[in-house]
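Shared between the two complexes below is chain A, which has chain B as its partner in the first and chain C in the second.
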Partner chain A sequence: MLKIENVTFRYEGSKRPALSEVSLEIDRGEFLLIAGLSGSGKSTLLRLLNGLIPHFYRGEMKGRVLVDGVDTREASVAQLSKKVGLVFQNPDNQIVTLRVDREIAFGLENLGLPREEIIERINEVLKKLGIEHLRKRGTAELSGGEKQLVAIASVLAMKPDVIVLDEPTSELDPFSSARIAKVLGNLNREGVTVVVAEHRLDLFAPKANRMIVMSNGRIVREGHPRELLYRGDISLHGVRPPSVVKLARKYGVVGAQPLAVGELIVALRRGVRIDRS
Partner chain B sequence: MLDPMGMVEIFRTQVGETPYSRLNPSTKFILFASFIALPLISASLPIQIFSLIAQVPLIILSRSERRVKRSLKASLLFIVVLVVLNYLTTHSLEFSLAMVLRLVSMIIASAIFMTGTSPAEIGDLLTKLKVPLQITFSFVIALRFIPVLADDVVMIITSQVSRGYELERGGFLEKVKRLIPILIPMIIIAIRRGHQLAEALETKAFGAIERRSSYVVYEYGRGDWILLIYAIIVITIGLVVGTLTPQFQLLPFRC
Partner chain C sequence: MIEVEGVTFKYEGSGMNALRDVSLELERGKIYGVVGPNGSGKSTLLRLLNGLIPHFYRGEMKGRVLVDGVDTREASVAQLSKKVGLVFQNPEHMFFSETVYEEVSFGPKSIGMDPEEIKESVRWALEEVGLWELRERSPWSLSGGEMKRLSIACILSMKPEFLAVDEPTIGQDSLSKESLSEIFKRMRGEGKGVVIVTHDLEWLDELGPDVVFVLRYGVVINRGDPKEIFSDIRNLATNGLIPPYRYIVDSLLEVG
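Take a look at the complex of A and B:
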């Protein structure tokens, strides 16, 4: 589906490359979580996926990126937007219209879709994200979490095969962050491929089925989140395992490798039962 | 102290639901243009009085009495200066009065239009008038970012002030100079936001094809037709009244 082949990228005016010899393949239906410190190359990697690099950002690029077999250098960002949708960190900077339904319609109007289809897609996506009540609201009056949901909805309405999110919860409160994580989990279950760069591993690791850790522009670890987070050496790269992992270690239930609080409780109960018998 | 949040109020996107606000934006614009043109047909007093009276139904339909009152109050000084100057130059009380009423009825027409039309509708109207997308879109984006940038200004001011920066000190020039530490971060933040916005627009295929489709469609209802006919009648009466009663020339100066 998405294929990054040995890509090195250096932004214009910077001495060090932001990405060095990165190769990655993302399959249909995956939920990929990208972890790593700020400046480790996460955002650069995401910008490769929808062609913002090399079309929007100037710099020196080696290697190639294939989206559905098409080299991103040979397609425009607009063409790629039908395949890969990108949601940014700050919802305020990506909302361009004054009303929620018009915001969702914006990308579809740019694609030149007929009005009936636009209406249909707006209804569909509002329902999917559970924000039908926001339809006619002014975008300036929304809370941060609602704005981010609208931003996701507007990208999702373009029906991309992959939805890519760059730290979608960094500007949000814990409650809204959890909601975003839940929404993404649901979307993935419905078949949408999700790629998220995030610091909130506690929320996203339980939903993901694959995780990579980035450091200094390279992918340094790759595997299932359970496997990576319980291995213990990822903190070398500045990634801290969620508290659940620490608790599980403390209570000796590492065998089940719980990532969510619910899983930890189940594992603990089982552990207790085993102790009694 | 600056009041950036005050500006936001002017650009509120939610327009109250009134019979006028539900009209097709084109109708509202045609009514607005008609009532700007009507007092200009002639300088005679009857036509000015007529254009005031003819706007009363619109004031009622748009429930804009308060805004009209506020606008008139705000331009009171201007109106007084206008009366005095006109009287001094023409020595005709009737002419001065006509000029004032002409101004007042234009102010009323603008007030009605501004209360009953949302910025988004103005954007759509510009598109309909074949203004290039780049311009109409810049207009909508500017409105969209006013509250965001207003928040930024408040944040910058509070953080500078809490570090002991005194904004209001010294004379006028000193005060202007003191705005620099507010303006520079403001400009940098705005440029950053602009950059991210451009990325988001790229991602949403902005400018991908020549003719975008349009989600919002405005229909012409019965109210629209009634008011369009009303505008035609008003303008016709204006033309008749304007040509039949030339009480004085447009600029009755004596050489």
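Take a look at the complex of A and C:
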């Protein structure tokens, strides 16, 4: 349903392309995890998916991007955003209104939903993310993590077919991060396509059916997270396996290849060769 | 030394205290970790250290903060910023220069460093955070992680004696996280005081702070040696935190 065909993109004023000859297909119902060093092109790739590139970012683009068969150049960002919702890396760049409930209503009004439906969706998403207490708060007065949750909520409330998130847990505490991972996992099980760029592989690798690693504007690895994280050579591209994988190696439970801390604990409990070095 | 003495702070228009009767001392030559759930008051605590509170943020403040014996209310933020450098959680809206290089030169100029020293200091700061190559770029054209490191360089270049960094690992990959750790440890070695707010307890554990403060609802509910704090899994969990995984695994192996 999302198809990036041989895209090269150079931001105006910059010498090097931020993406070079990138091709990627994302099917309906996938949970795709994107890893890679800072500056490797993750955000740029995500900006292609909802048309921010080339509509809002100036630069030179080769190749094309298809969303349900439609070339993103031929559609407006407003049309695309009904299908593909993007949560920005920095919530400050996304939040446009002065109060939390209005912020979430903003996108819903643009969808032309009736008032009752809007209210219902606001209630639902605030509850889902555990931020009902923020409903009437001023957006400028939120802590960083609270802002990030509101930014996520406002995209989730629109119920797009594809949810794209750019480092969504960077400012979240452990419980909120786990909650976001869980909410995304559940949505994915209901059929929503999820694309996440993250450094926190421990949270999302267990949910993802596919992972890609980016380096210098190219996709340099692709596969199931288990395969990529246990094969080890992704560290060539600066991506370190998460703690769970390190601990699994340390205690010799590599055979079970746990990705989530829960899986590691189960493997340890089963006593798979516990080596107390 | 920075002494926070019985500080309670409520932002104007807010119904709740963001900090409640917080007292703590920060010395040179140490790294302090500040952890706590979202909204627990971590950033608010940092804003006290260089006088942003009460000078720039309106609200009601009780108690006092002394930086080397000087009450922050009696000093200007400009004076304080020579001693205490604060890197904001989301700094990108504060960039205003055409190039990365100019952005990092601004702070040292504004505190009256001499031109030769500024040159040296700017280059050193940009090299520390791995942005020297990008010095001619516009700050706005950087990736999120690069912007965060730029904001760290902006403060490093001023050579403050205390460095307070709000969520340094936002947008950072594992390599840049390691190099940030190295920077902070070097500063500690040089006798600077370093205060780090972070949700990334795995990284904080590897950094190895001397003291950890745990905040919740604006109260410092726990403080001390990181090993002790992190091994008290139950206490952390009831306060909305999860310790580094190795502590969880260790405790399981001990029980099992």
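Going forward, the second predicted complex is superposed on the first by the 251 of 277 C-alpha atoms of A that agree within 3 Å, B and C clash if a C-alpha of one lies under 4 Å from a C-alpha of the other, contacts with A are read in each partner's own complex, and residues count from 1 in each chain.
Here is the rule we use: a residue touches a chain if its C-beta (ideal position, glycine included) is under 8 Å from a C-beta of that chain, and two chains touch if they have at least 3 such contacts.
Keep in mind it's a predicted model, so treat the numbers as computed, not measured.
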Request  = Figure out whether A:119 sits in contact with chain B (first) or chain C (second), or with both, or with neither.
outcome  = first
Key: Touched partner set for A:108, first chain B, second chain C, both or neither   = first
Task = Kindly classify A:90 by the partners it touches after superposition: chain B alone (first), chain C alone (second), both, or neither?
result = both
Request  = For A:154, select first, second, both or neither according to whether it touches chain B, chain C, the two together, or no partner.
outcome  = first
Inquiry  = Contact-wise, after the overlay, does A:266 reach chain B, chain C, both or neither (first, second, both, neither)?
reply    = neither
Task = Name the contact category of A:256: first (chain B only), second (chain C only), both, or neither.
result = neither
Query = Which residues form the common part of the chain A surface touched by chain B and by chain C?
reply = 90, 92, 138, 141
Message = Show me the residue ranges of chain B that touch chain A in the complex, using the header's touch definition.
response = 13-14, 118-120, 140-141, 143-144, 147-148, 193, 196-209, 211-217
Remark   = Touching chain C in the complex, chain A uses residues 11, 13-14, 36-39, 43, 89-92, 138, 141, 143-146, 149, 166-167, 170-178, 199, 202, 238-240, 243-244, 247, 251, 261, 264-265, 268-269, 274, 276
Key: Contact set on chain C toward chain A in their complex   = 11, 13-14, 36-39, 43, 89-90, 92-93, 137-138, 141-146, 166-167, 169-176, 199, 201-202, 240-242, 244-246, 248-249, 252-253, 256
Query = For the complex, which residues does chain A have touching chain B?
reply = 50, 52, 55-56, 76-79, 81-82, 85-86, 88, 90, 92-99, 101-102, 105-115, 118-119, 122, 138-141, 154-155, 158
